[in-house]
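First chain written, first letter: the chains are A, B and C, and each begins at residue 1.
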Amino acid sequence: MIWVNQIIQGILLGGYYALLACGLSFMFGVMGIINIAHGSLAVVAAYMLFVLADQFQVNPFIGLIAVVPIMALVGWVLHRLVLERSARAGELVPILSTFGLAIVLDNSMFTHFGADTRSLAPYIGTLDYDSWTLPGNLIIGKLPLITFAVAVLLLGGLHLLLRRTALGRRIRAATVDPDTAQLVGVNARAVYAAATAIAMVTVAIAGAFQAMRATFDPYIGGQLLIFAFEAVVIGGAGSLWGTLFGGIVLGVAQSIGAQIHPQGFLIAGHAVFLVILVARLYVTRDMRHFFRLFRRRAV
Amino acid sequence: MSLLEVQGLEARYGLLSAVRGINLAIAEGEKVALVGANGAGKTTLLRTIAGVHHVAGGRIVFEGADITHVSAHRRCASGIALVPEGRRLFPAMTVEENLLVAQSAKREGPWHLESVLEAFPQLKPKLKAPAGELSGGQQQATAIGRALMTNPRVLLLDEVSLGLSPVAVHAVYESLGALLKTKTAIVLVEQDLQRTLDVADRIVCMLEGAIVAEGRAHEMSREQVMGHYFGSRTESTAQRATA
Amino acid sequence: MSLRPDTGAITVKRWTGASIATIGLVLAAQVVLAFGPLFLSANLIDRLTTLFIYGILALMWNALAGYAGLVSIGQQAFFGLGAYAAIRLANAGISVYPALLLGAVLVAVVSLPISAFMLRLRAGEFAIGMWVVAELAHLLVNLDTLINGETGTSLIELQRYAAHDRRLYTYWAALATMVALGWLVYLMLRGRLGSAAQAIRDNEEAADSIGVRVLASKRLIFVLSAFGCAAAGALWVAAQITFQPKAYFSVQWSAYMIFMVLVGGIGTYEGPILGAILFFTVEALFGATGVAYLIGLGATAMLFALLLPRGIWGEVERRLGWRLLPIGYQLKIGAEDLPRHDSVMVTTQADAPAR
């Protein structure tokens, strides 16, 4: 039964990874930019919630009500100041500028908060270890399940936003053909800024759940970015539901790996990522058919 | 006063000059045809007026205001709409979505989803189909309809018959027929000279980036136009536009 | 530009007066540095060793990003693996200094299969993909019992040499490596690879269509960069003696490389050298402030990426037209030298459509 339990934990973990990754996937799908500062921004949100909880006794879930709009604004500013210029200058500049930003953010947080690992777990009562026990000794943690549910809701929300709203139409038009979108009155610049703001909202929520389910410190941004990136690539870059699939595959691989070896958690994750990357490159046709059963394209 | 005025316009591709010294005035409700061989600069001129191509020199004045450096989406909001060469629909979006996305311009006017579908009834059964799956003629109808949704005062049509079968071209011009009776100014780039002469009030001939001749449609014969099209020097250059 | 064939023959120049002078100066400087231990203090020798290693890293990162157009945030993979290989080989009985070179060669060999799938990735995916490779390499190295996990180990075989001898050998090894790689890259750029790299940077598809062997060129540069970074890692462990995986596989090294190349001038030859010198100076002056200095590095890299993407030397080249090292081609018609046109890795949008 250990293996079944591990797989279930892995699937739930996958929900967290999908939450972490959906912002990265969204930005990459819409603007073609991979935001290297993605993980660091999640940590920024986590610290904001920490300050609210630690100094003002605000429950993190309530804290999100304040942090989410702040992060949306951060996203808008990020686009206007950094991403817009970077995208114009070529394919490689966004990588360099967002990498520089990550370094600045990580070290600024270190300067301000120190190296101590923090967590939001103490501020959510018993939620971080509460669980239900199902017949057959299956344990389902409450927080992981909530995280998974939030991930699905968020992905669903993004899907609906893109499919049903006027903003979503504009985003899809600007994604596919920004020049022609301009011709029909879509302000591509504003659309991209809005997309970045939306991505930052998901990043804020992901940061919150990271801090609740585990710990964080100024330098885990890189690790978070890598997990998000792996989930995106496994599931198919630019596909929203593929990100959920990718997250689940990553989570399950890591959970199984953890059972095999103390370092197995991370090794298994990276190994599965590389294997799928290679497989995708060499067996693209068959894989795409296989994946089509699981994902629908966002755009 | 003209609705749209282009003064000494220049546009380039890198170091290559595509459009030079263009002076053109479009009055309200006027139907102007732009003819010329491939590479004459017609598409570049339209794209520059619409705002998707950078102006290297000169001015564009619309409704009395200098819009030379105004971004394309704002020009659309002011009332300039371009149906680009090759249609450029959003292929994964449905016909309906392609039409609705053009509502971002938020202009008042007679054109909305229902009236566009009245003008292009062939689109009614295809409303929920992805634009990429439509036939050439249907795509062209969608592209024109999309531009109309912005309720333009000036409609720029770039080679609407390109790549279409004669039947489809006929259908497009049938639908355009109603449009031609409205107060919307139209600038039409068209390879089919006969259609051009039928439709336009005024013909402007371009060659190698400059305007070489201009005249009322009924004053110019087909032979004259073809002469300018191919750059023959048998016609005097007395008609070179300077206004 | 009009060609007037009747006024003179068209010749292609590879050398100008300035470039000959520069080559002469560079050679002289290298000879002087080789004799450095005769008149430099021990402290200065150590510092120069560090500078040479930074120079190697800058040169190698620039080769990958500036010439092959591949931005990598994972070259620390090879840096760490080079150090690890050196330790393993020395442990197996091979003499230390040859082990450094052999280790770098082995890592270069390992990089070949890695390139097989990494090079098929697009820009952003490649950048982070290489970071994943670095993380995985870090984890796998930690599994080796010799390394003791994060505690690390030391290149204890260095104890066989007296401290001052060790210092000199490492100095000469670092100098020799930097000089060799410098000349190697220079000669490659003067040859077909240089033109291929330029074509790839400008337009990969077009280059492919005229017969430029895009993948082969990229692979060559990838393996070279891996070799250079591995050599740098091996030299670093020879200088530091201790090996903690966390320090060698840290993404910080990518931050340093990006800073050096971005500030110095990406895609130019002289740029990385300038960047290495600047970085070395900045680190000497501000390194002690700890984290604040890293913030400064990151912010500078960002500012350069956004505002001055050609870097200092790139701007100098563009505005003053200086080209000290003779890598390109210059047309000479009759007696008239035509101005050189270069394209740089970063495209400018001077005539782009209005947005």
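The rule is simple: a residue touches a chain if its C-beta (ideal position, glycine included) is under 8 Å from a C-beta of that chain, and two chains touch if they have at least 3 such contacts.
Everything numeric in this text was worked out from a predicted model, so none of it was measured.
> Counting only C-beta pairs in contact, which pair of chains has the most of them?
The chain pair with the largest number of C-beta contacts is A-C.
> Let me check something: if the centre of a chain is the mean of its CA atoms, which chain is farthest from chain B?
C
> Can you tell me which chain is nearest the middle of the complex, judged by mean CA position?
A
> Quick one: report the Å distance separating chain A from chain C, using the average Cα coordinate of each chain.
33
> Distance-wise, how many Å sit between the C-alpha centres of chain A and chain B, to the nearest whole number?
44
> Counting in whole Å, what is the centre-to-centre distance of chain B and chain C, each centre being its mean C-alpha position?
Measuring from centre to centre gives 52 Å for this pair.
> If a residue has to touch 2 or more other chains to count, which residues of chain A qualify?
179, 182, 188
> Quick one: which residues in chain B touch 2 or more of the other chains?
Residues 51-52, 71-72.
> Note the residues in chain C that touch 2 or more other chains, in rising order.
As it turns out, chain C has residues touching two or more other chains at 352-353, 355.
> Enumerate the contact residues on chain A facing chain C in the complex.
Per the stated touch rule, the residues are 28, 32-34, 36, 82, 85-86, 88-97, 99-104, 107-108, 110-111, 178-179, 182, 188-189, 222, 225-226, 229-230, 233, 237, 263, 266-267, 270-271, 273-274, 277-278, 281.
> Which chain B residues qualify as touching chain A in the complex?
Those residues of chain B that touch chain A are 50-52, 71-74, 76-77, 81-82, 84, 88, 90-93, 97, 100-106, 146-147, 149-150.
> Show which residues of chain C lie in contact with chain A when the two form their complex.
Residues 65, 69, 71, 73, 117, 120-121, 123-125, 127-129, 131-133, 135-136, 139-140, 142-143, 251, 254-255, 258, 262, 291-292, 294-295, 297-303, 305-306, 309, 345-347, 349, 352-353, 355 of chain C touch chain A in their complex.
> Flag every residue of chain A that touches chain B in the complex, lowest number first.
Residues 166, 169-170, 172-173, 176-177, 179-188, 297, 299 of chain A touch chain B in their complex.
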